[in-house]
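Heads up, there are several structures right after this.
The two complexes that follow have chain A in common; it is paired with chain B in the first and with chain C in the second.
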Partner chain A sequence: MMDMAQAEQIFIEEAQDLLQVMETCLLDIEGGDATPADHIAAIFRAAHTIKGSAGLFGFNTVVGFTHSVESVLDKVRDNKLQMDAVLVGLLLDCQQHMAQMIAALSDPGQVVNAAQGTFLLEQLGTYLQAPKDPTPAPVTVPPAAADAWRIDVAYGLDVFRDGMDPVSQLSYLSTIGTLEEVGLQYQFPADFDPESCYLHLQLQLKTSAGKQKIEDVFEFIQESSQVQIQPPLTVVEQLEHTPLQPEKLGQLLVDAGAVTPRELEQVLELQKQQTHSSVGELLVQQGAVPTAVVEAAVNRQAHQEHKRASDFQVLKVEARKLDHLIKLIGEMVTAGSANEVLISQTNNEQLQEAFSSITHLIEQIRDGALSLRMVQIGESFSRLKRIVRDVSRELGKDVELDVVGAETELDKSMVEKLSDPLMHIVRNALDHGIEPVDIRTYRGKPAQGRLKLAAYHEAGAVVIEIQDDGAGLDASRIRAKAEEKGLISSEQALSQEDIYRLIFEPGFSTAAQVTNLSGRGVGMDVVKRNIEELRGQILIDSELGKGTRFRIRLPLTLAIIDGFEVTVGDTHLVLPVNMIQECLEFEHAELVEDRNYLNLRGDVLPFVRLRQLFQLPQPPASRENIVVVQYGRSRAGLVVDTLNGELQAVIKPLAPIFRSTHGISGSTILGSGDVGFILDIPQLIEYACSTESAR
Partner chain B sequence: MAVTIERKADFHILVFSAELSIFSVRDDFDSLKTLSQEAVSQLMIDLSHVQDFDSAGLQLLLYLRQQLQSEQPLRWLGLDNPVISKVLTLFRLDLTAMEA
Partner chain C sequence: MNHTDLEVNRQQYLTFLLRDECFGISIDTVREIIEYGQLTTVPLMPDFVKGVINLRGDIVPVIDLSIRLGRNALELKNRTCIIILEIPFEGQRVVIGAAVDSVNEVLEIGKEQVEPPPSFGARLKAQFIQGVVNVEQSFVVLLHGDKVLSIEELASLIENVKPEKGRGENV
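Take a look at the complex of A and B:
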């Protein structure tokens, strides 16, 4: 049976996950990426579950505080309260306070700010006492027609005086389709003015023309009149036959021709005032589409919605079990390779064919198992969103955060280890990169700074970029500081990139003013070390006055790779396949004497003789080969003896004795039972390029 | 030129000119105000001379029908004028029908 301590730990973990959901949803609403209607259910559910579970364990302070939060959320859910920017800010503060309370349950050292709690409860209280918002009068929308567009135009008083003529509009509509059920209504006031328009036109139009074409007819009266154009219900059928779409509802309806971009824009604008209403509700309320069309579009969005829901509903598996599974699969891959070698020696074609299908399945199982460990980097990015929000407020800077590729997947262990480095780079960008508003204005930049977080796949690696449009790195200042700190001598020649890399040296900091965020000169060296521990690489691009971009390149996984085996003497080496460009015969005759580069179809290719680098005693083979490898924008050649072909390599960590050996990142057991060393391609390329450029 | 009011026997005939549009409705309306000072037993509206007819003109006719039909029966002339019939057909309107 589970003991109480264990159950409490599960509660704490679950509460932290729920608080994460709450934070992500609130930040989405604050950033305009989602509406309150999209997320209120998830936010409410999070608070409700935390309160309920905390009650089971008798955590009364958590229950009391969360109860007030839940009550406010309940009002929002019931459309009795609008979730505006102020309320979102308050709820984010409440979320942070709840996180403190939860953290304090497992860590008695964690301080809960009681005064802050009281203040927040008072703030929540004002919402709970607030009178009910007046509900806007419902707009009567006529039912949609089966196969005809329903057009309803309440003409404005000035339509005639503005030179517009409903007769012309009707006449034009009759040329693009068939008019049906035309009805003209009017109500003349006692002070009838013959030049004012009191007409209200309703009709149905059967046409193959799109909504935009129909709307264009009324383009010049949109300002003065109320025009409603409802698509026929046949649009529902069309929508039902379109494939599932990842787009937002509004865009889906625009794509289906049921809503025009103008209508969508108008509704999105309206939603800023009526934040509790969804886009679909507002479109129906405005008479732009019938409910049935919105429902059909929502169904087409089902995949997206389902995906969103699954973000919050996951099956939890103990990491230990997953690691064990992956370890077993690693063993299976190794055993499979050994069998493959033996089977290839039997010359039994049937057996070889049968085994190749097993190999194929093993590859699929391997990829499937590895994907279980993959998580979207968006999880890390959403934590950064909070940091950007809080830090920029603290510094009085206006910063817009742009996130691209949040769905990019990365091994979970990497995401965890990346968290701190990313946080540090982002804090640095906000603190030292993006200038205060007055300086930005003086420099002719937009007052609002921009910070972009992007993640994407590139040649078997994941690249994460953190880019700001701030002051950029000042190479001369960095150099001067490095000289002052004795990190380099004044005579030392360094490229711009080398100078930038000095910021990763321990104890380096150029910040004139140390703030409580950064500037203490601790961190960037740790950032680099953490990234390198993940077999990654960090690169800097910067332009003075324009901004800085950090690019972090990481391998896709830490466990198993598709490798290519080569030998030098009797040493087996494995290269990651996705970094190999081509293999060539190594021609000694074409070489420049004493230099390690060759002419590869007009390009200079530096190379490394692995025999020399690893000090292997055997003499070179009569024929040597060169493997051209690429990492990022750099490439180099690796001189080896024989090329043995592809294999799956289960990466085993290096024994401490090999840790000091450069150019090797791990080891693996080959099918033959031999040990293969996995080459660290980025390090070897850097070595080849820097050795040659230094000469 | 605005609408003219002709008096024949016990008929008042409102003869609209070639223009029955936003450019004429103000004058037409003002001219028709004099009707309220007269005792009208039978009223006829003649549209046969109309050459320019728009929604403002149509609205004035609808207004007249609403105001006058309760007092005396309306007779229409020139509803077959293509300029008029085209607009009435578009709006599916029958001016001779009594308004509800």
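Take a look at the complex of A and C:
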């Protein structure tokens, strides 16, 4: 028996997912990206499921409210109501109210605006009453035969001779159901033979038994006679309840009890000859099922296709299980490389070849397992869509949101931690960045502001950009403000970028007017801290009057990376392979005395001697190499002793006592069993810069 | 009854040597003892961090317990070994190694035998010492494992070590 609290938690999570679906769909409709017809089924289903599950837990307020929403949606679904912009807006408000109610179930701190709820219910009520139907929708009285099986048996001439007795079949049928009607047809030929059977029966049977059971009654006369058993039209209902699996039409009908496996087999056999006919057509032709049932099944099938797409979104696996799997795969990768080292020493080519296919598989399994943790960033972006919509309305600004790269994948845990910082930046952009319409027109800008959200991969990192075409950052104002707040002194020389970075200082806010959205001086410092907790960086570009762009760079993180191993003295270091541009031999002769840069085919390449930077005791090797790494838009060289080649590195976080390190982001166990350190290149270069400027 | 009394009042301690001094640590925190070796130095770490070892797939930091207790660094001998301990930290048990000159034995010590730490003279921070016990005419200082190897304290010690800047000598 599942713990009630646990079940409740699952309900809450599920409801939140469904609300998310509702929101996304509604926003798509509002934004013109989809028609109501595309999404109404999904929206309805979401509301319906929430209502149903909430009912199980006795959350009556949720049930009551959602019921009204569902009723309106039902009307839309039945084309009795037009989903116009006003209704979409109302439904979005309802969605938000439902989200509040759901959140309040687990978080007592969440306030539910009851007045808002009442107001929304009234609004919904107007839709429900509008074309007030005095009578409930007429219940279509099914024709008498609708719930009865139609059985048509044209007995073969030899039935009596084979020892079969139609009467006993009839009496057996009446034990498994009620024979509603027995129609008799017979035609005696001129050469009447008393031992032959000329019977043709048309029966109507009401039963709960399946088709198979009915068919079994006629099992022994199948060869000699023609038996058609048509399911009642109510089998359509059965179809609705067949389990959700990707199925073929025939299988679907068998599952619903409308067709027996034997009939299906026959038809499939027939289909081999009549390849142009569909299974459905042939089944009707064979008299196995009425056309209506096949149509229903086809609909059901289409519905399943649809359903499968959304099932895909809600497949849930406990994070713990996934982490365990990934940990095991990490062990497998490590064990694999240990084996590889040993096998390469055997000079046994066959063994090496056999093992290389295992290595290949391990790589695929690794990538597959890691991708399980990856989610598209689009989900976070669509949450932002809502914020953009609501906030720009509240501020009376017209803002167009442009989303690029929503399919970019990111580790799930990162996506969760990113949502707050992204929200802050977007709110700030809308509030302080994009100007009110009159100012925009005055400045000769299009009245509609533009906010662009973009995500893409760049050299082993994920970059998220938030760009607005607003007022831009005013460096002199920021500076003045920072001086006033005592963050910097007036003599301090700061680059433009350094000045921009002041907005990340705690307690900094330039907004002259404090709105209820932002401008409270909390936010940007939290943003920076959150990003840094994810080992990311945040960069600002801005041009006064043109707009601002925030760029968030995040490592792909993850448990396992493709690495490149180098050694300096006894120390093994692993670099993310996708940050490496090239490796070359380090020529001392080419060096300018006491300068840490060299001439790389005409370009200046600054470099860092890792031996020096890490204060390693061993004397320098006679031959050194330089690894050219690219991070963001910068390049740098790292001077190392030997280059050892590529490997799959399972990242083991450093022990908690090493929470502050310089340029090392983790450790890994190499094939040899030695411990290697994984370099965090941007952090390493930053550290190198700081030691250099400290000289 | 007697048996329970025994369990409540007696505790087992692993004793070990740092130079000539004998220390004891409750075996509750001790996971295993391994030979000293296969250490990988972690760049830019203070002296008391000896490095990390690969302990059957887990990467475990090793601390020079002698330096941690304010004495000179260990001199490696063939009896030098690493005591692997589990120290509670933020609701988890963190595995950490302590390098010592040699381990002696496991002693069962009754509570009544433990004397309070001397107010001075042990050349140790008072909060590290659980008590002192006299075993065969010599004193064994019983240590609080989770204080001596407090993860939080070690982490902030490492954080506060400013790597010396401007190493002049060029390669």
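By our rule, the second predicted complex is superposed on the first by the 493 of 695 C-alpha atoms of A that agree within 3 Å, B and C clash if a C-alpha of one lies under 4 Å from a C-alpha of the other, contacts with A are read in each partner's own complex, and residues count from 1 in each chain.
Following the convention adopted for this analysis, contacts are C-beta pairs under 8 Å (C-beta built on N, C-alpha and C of every residue); 3 or more make two chains touch, one makes a residue touch a chain.
Predicted model only: the values in this text are computed from it and were never measured.
> May I ask you to decide whether A:195 touches chain B, chain C, both, or neither, giving the answer as first, second, both or neither?
In the superposition, A:195 contacts chain B only.
> A:609 contacts which: chain B (first), chain C (second), both, neither?
Second partner only.
> Go through the superposed model and pick first if A:182 touches only chain B, second if only chain C, both, or neither.
In the superposition, A:182 contacts chain B only.
> When the two structures are overlaid on chain A, which partner does A:208 contact: first (chain B), second (chain C), both, or neither?
After superposition on chain A, A:208 lies in contact with neither partner.
> In the superposed arrangement, which partner chain does A:570 touch: chain B (first), chain C (second), both, or neither?
A:570 contacts chain C only, not chain B.
> For A:661, decide between first (touching chain B), second (touching chain C), both and neither.
It touches chain C, and chain B stays clear.
> More residues of chain A in touch with chain C or with chain B?
Of chain B and chain C, C contacts more residues of chain A.
> Which chain A residues come up in both lists, the one for chain B and the one for chain C?
none
> Mind listing the chain A positions that touch chain C in their complex?
Residue positions touching the partner: 331, 334, 570-572, 594, 609, 611-612, 614-616, 620, 652, 654-662, 664, 667, 669, 673-675, 677, 691, 694-695.
> Okay, in this complex, where on chain B does chain A touch?
Answer in residue numbers: 22, 25-26, 28-29, 53-56, 58-60, 62-63, 66, 87, 90-93.
> With touch defined as at the start, can you tell me which chain C residues reach chain A in the complex?
Touch residues, chain C against chain A: 38, 40-45, 49, 52-54, 57-61, 89-90, 94-96, 151, 154-155, 158-159, 163-167, 170-171.
> Could you please specify the touching residues of chain A with respect to chain B in the complex?
Chain A residues touching chain B: 160-161, 163, 165-168, 170-171, 174, 179, 182-184, 186, 188, 192, 194-195, 197-199.
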